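For reference, the structure is listed below as structure tokens.
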Amino acid sequence: MRFFSDNAAAVCPEVMAALTEANHVDTAYDGDALSKRLDDAFSDLFETRCRAIWVATGTAANSLALAALCPPHGAIVCHRDAHIQNDECGAPEFYTHGAKLLLADGEGAKLTPETIRALLAGVRDDVHQVQPAALSITNATEYGLVYTPDEVKALGDLCREKELGFHVDGARFANAVARLDCRPADLTWRAGVDALSFGFVKNGGMSAEALIFFDTALADATLYRKKRAGHLLSKGRFLAAQILAMLEDGVWLRNARAANDAAARIGAAAGGDRLVLPVEANEVFLRVTPEEAAALRDQGFDFYDWGPGEARLVASWDQRPEDVSALAAAIAAL
Amino acid sequence: MRFFSDNAAAVCPEVMAALTEANHVDTAYDGDALSKRLDDAFSDLFETRCRAIWVATGTAANSLALAALCPPHGAIVCHRDAHIQNDECGAPEFYTHGAKLLLADGEGAKLTPETIRALLAGVRDDVHQVQPAALSITNATEYGLVYTPDEVKALGDLCREKELGFHVDGARFANAVARLDCRPADLTWRAGVDALSFGFVKNGGMSAEALIFFDTALADATLYRKKRAGHLLSKGRFLAAQILAMLEDGVWLRNARAANDAAARIGAAAGGDRLVLPVEANEVFLRVTPEEAAALRDQGFDFYDWGPGEARLVASWDQRPEDVSALAAAIAAL
Amino acid sequence: MRFFSDNAAAVCPEVMAALTEANHVDTAYDGDALSKRLDDAFSDLFETRCRAIWVATGTAANSLALAALCPPHGAIVCHRDAHIQNDECGAPEFYTHGAKLLLADGEGAKLTPETIRALLAGVRDDVHQVQPAALSITNATEYGLVYTPDEVKALGDLCREKELGFHVDGARFANAVARLDCRPADLTWRAGVDALSFGFVKNGGMSAEALIFFDTALADATLYRKKRAGHLLSKGRFLAAQILAMLEDGVWLRNARAANDAAARIGAAAGGDRLVLPVEANEVFLRVTPEEAAALRDQGFDFYDWGPGEARLVASWDQRPEDVSALAAAIAAL
Amino acid sequence: MRFFSDNAAAVCPEVMAALTEANHVDTAYDGDALSKRLDDAFSDLFETRCRAIWVATGTAANSLALAALCPPHGAIVCHRDAHIQNDECGAPEFYTHGAKLLLADGEGAKLTPETIRALLAGVRDDVHQVQPAALSITNATEYGLVYTPDEVKALGDLCREKELGFHVDGARFANAVARLDCRPADLTWRAGVDALSFGFVKNGGMSAEALIFFDTALADATLYRKKRAGHLLSKGRFLAAQILAMLEDGVWLRNARAANDAAARIGAAAGGDRLVLPVEANEVFLRVTPEEAAALRDQGFDFYDWGPGEARLVASWDQRPEDVSALAAAIAAL
């Protein structure tokens, strides 16, 4: 009973079927019929003209977005616990050719205009310091919290004021939308977002993420950066196929809801005091003693310790209901 | 009837089956059971202890290999027509942080010790010039020629003498081995090769190539570079699965032989004068007038023009015999 | 009466004389007679065989040292207030090709083994995070504090234990040695330091700093990086001349003592409560109200505000005694 | 009697005097009174509003200019014998973060629209190849030839047509202007040049070159790149002083004329057959047998061999007339 990462989940049947269906001859790279449908598909979803670029990993999507928004002598504002800072082995620095990440604080890996303003106030406007060029947030955050459209818009307004590009790491964007039940547009370009890493792999895909540019002028140069980074797969149709399969009939939302619901059930079983943070997406952070953690593991539940006295449990799209029930019961019984 | 690129081919059934079989929960990234089998599988194949790293593209494999072999202030010797020079949008420069490619000439994109010595002789040994640190050849070459073990060894000896790392871009390594009917070891580490990009995608895979380090000390740092480049896919088991499926029962050789045989039939039909180069792997370069090219296209054959008066035709593992026969007949009838 | 930066000071007469004396034909770049004397001159000073490389700025010296000690996928531990983090516009990131700076805290910009251990403990040993490869401290620190030989050695021991390269930004190394009255060797290689940026410009030079490698194996590749960064001046003899002039007869120590003495007089006049930090080198940090700062400025003293309620005053080698007396009196009279 | 490089020459008296005069307290970096005069001084000289940035080396000037004109995924067209390709240890690749140099041919290191068009025709307009973004020529060339205003304009027109930025490496720009007796504007912005590396060091300076942006929008970001590269010297006033001293009263032209005249006398003595190339600036390339070269060296003349059967002699601003006469006589007597 695995709750340690949605990266470990299986691939959903619609994606597997799409791979089989895409297995015929077609033009290489991104010249195939499926890849060419992506711009339209995402423009429909987001109710605006946007550009969509498939890549194989969220790290590639994030880094390409940041390279489009920040020069080598610039800086990217992000949360101290952001994936781009802690979990990508310096990929943003590699792709941006050495831009600096400026780290802000905030409960549950969430940023606010206030924390960002405070950080920016400490930067001197001279050539001795790299100048902030972009903001990157994660929605849902690395701690399973969700920014609302209003919260994103407040940050978007700040970006316009400070002339910062605005990137959203949406490795779990589907979970955020599912939670908020909002229009994807309201959580992105209508709130001032320029670029979105739209994650599919954690949510039932195999190896395809979408980098969405609402500022479409950024897309063309990104195609060169993508090729140059070795991310233009020669049989790219298999990536486009995965994404299109998940957009079709709202599979992406269905999967995200399943994961969120599982997490909600676990969170409800845990109750207020045991929860480190509210459960808003598909992650649950529990206060547990080492003995309690061991007890859960003895019952077959697999999860990460998350600092002293805390555990992280992540629900996936394919989490079996009986496993969720068992976990909920086990936590309630602690 | 497509003969324009082996990149456009379908995925072979063994790989598709392996994807389905791998579709269960396992550890993320490269911690899964399949990924962990790669070192052993390739060590068996190459009859020596080696390290094997999956990546999604040949460009990534090549660039990671070159970054392991050449510092930013170094240079990489390669052929003027090498894929790393002409078809990767500067990926070697990106991954090596700005190393320079030094371009040598040679018929059919093949290098010899003599052409390399001549090139090296022009480099001053002082800090005003980047110093050669690595040699990269492509086997089979971009023009479908094959280096024999002896030819590779002569280059390997030169590399030792000149203290150059030795990389082989083996996007069509399978085609070379199939042609030579030699042991993979003889074409690589026994001939002095340090790193091999072992291609599977053109040969029936979907999205997995293997970077093989015979100089195993180079592997560890490469894992960081790979992550940093966004190439550590979170569901990496699906890449390992593809590779293992093609190694099993010699699928990689079977596929390559099929492609080579198809090209040989086409080449034989063309005959000596019409051939720009001997057909040694799965590519055929023909001398054709514009009218002849048009005539072939009118009959439904798809291929690339390759400079004035020449055409490139590439046979794939899945080329239908009847298509090959039709093409051979059409060429013979020109 | 300028107390805002030792960078603004004049060039000392010995250096000016050396420039005139060097003004004859000699080999270009660093092949001249003066440049060739540097290794020996510093080896004598440091009582060990070392390599010495002139560069025009401390930023270049620091960055070249860090590039020699840290790979692009590595991290450099430094203080949150370090010059390399705050005042070099990302030069370390540029020269290292995107390494990350890990920021530790400590009073007066000083690091201790404890703060560094705490920082390192937070780094996971896996490919998802850049791994610490080097430590960089500043001696004297950006806040005018001095590390003793014992303090440096404690850090050097930690570096050995953790396999970190050890760099000292010695923009004011002369001030530290003058303060401690110690052997330069005790403050560097005997304490485990691998590379030192030995500053001369703030201390009476015009445009020459020395990068000293105690780990001499690092020097050769650095010469390529230096050229590649555009730092191999064609008339390099004029840089070597400056450095040699300051090493001769202990000019570097004489100048540093003059600056330290001036700062000490100012600090003594200020007294304990007014001092933010002890005065150990040539910088004085005062607690002043806006009115007090204005009063000092009205009397002709030029200095920087340093955050709310604080002022930074820097004494230079050429500070006129009467100006120092006047400032001391003015501060005492506040 | 040294004729091997103008880099080895002495510093002219006006520059030495200016250094002495600048030796007083002033604001650090480029905030001083002298540095602030540069924009105006060069705007007067070039009869248009331009931005002027001091740096310590021609390599830094060239690389900063190229980084302003070419993205990492772009390419720079230059001559196969260009300094930026052969003598800067990959500095353009370092500063541009890995752009590629595309090499064209041409007698005497001169490019023509035709050779460039032929080169550009070979670049496919797709993401698999880096796209040309800039042209860089050297005037006077590395072989002492001079582009006329018309020749530069023809290249400038091509740049506009092909949307290439246009950089001139003017390490010997003074020699070109002195030869042509033209307005500096006619050789630069009026001919379509965007950025000029205006050399002073070879022409009597000590350590200051000027990077001139006629496309003034490029200057601001360059200031960050310059700082980040460690090229913002803290006592920058001494660089500005050198440049201003050489602009004053036409010292730069006087020095260049002296060098050109010396070369012309040598060239005239050599006569047509012995000259590899016409003598248009301050370099002379002679056909000499090894015995003849030895004979010249026996008489005390110092110069470089330049490939088999050729020698390069460079005249400097401070070449003594008697040495020039002696050399001319010695060559005539061969």
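Going in written order, the chains are labelled A, B, C and D, and every chain counts its residues from 1.
What we mean here is this: contacts are C-beta pairs under 8 Å (C-beta built on N, C-alpha and C of every residue); 3 or more make two chains touch, one makes a residue touch a chain.
Worth saying up front: this structure is predicted, and the values here are computed from it rather than measured.
Visitor: Farthest chain from chain A, going by mean C-alpha coordinates, please.
Guide: The most distant chain relative to chain A turns out to be D.
Visitor: Identify the chain pair with more contacting C-beta pairs: A-D or A-B.
Guide: When the contacts at A-D and A-B are counted, A-B has more.
Visitor: Quick check: how many Å separate the C-alpha centres of chain A and chain C?
Guide: Computed value for the inter-centroid distance: 42 Å.
Visitor: CA centre of chain A versus CA centre of chain D: separation in Å?
Guide: Roughly 50 Å separates the two chain centres.
Visitor: Can you work out the whole-Å distance between the CA centroids of chain A and chain B?
Guide: Chain centroid spacing, chain A to chain B, equals 34 Å.
Visitor: Spell out, as numbers or ranges, the residues of chain A touching 2 or more other chains.
Guide: Expected reply: 72-73, 88-90, 94, 97, 127-128, 130, 224, 227-228, 232.
Visitor: For the complex, give me every residue of chain A touching chain B.
Guide: Against chain B, chain A makes touches at 2, 5, 7-11, 16, 19-20, 23-29, 55-63, 88-91, 94-95, 201-202, 206-207, 224, 227-235, 238-239, 318.
Visitor: Would you mind writing out the residues of chain A in touch with chain C in their complex?
Guide: Residues 72-73, 86-90, 93-94, 96-101, 127-130.
Visitor: Can you tell me which positions in chain D touch chain A when the two form their complex?
Guide: Those residues of chain D that touch chain A are 71-73, 97, 127-128, 130-131, 221, 223-228, 232.
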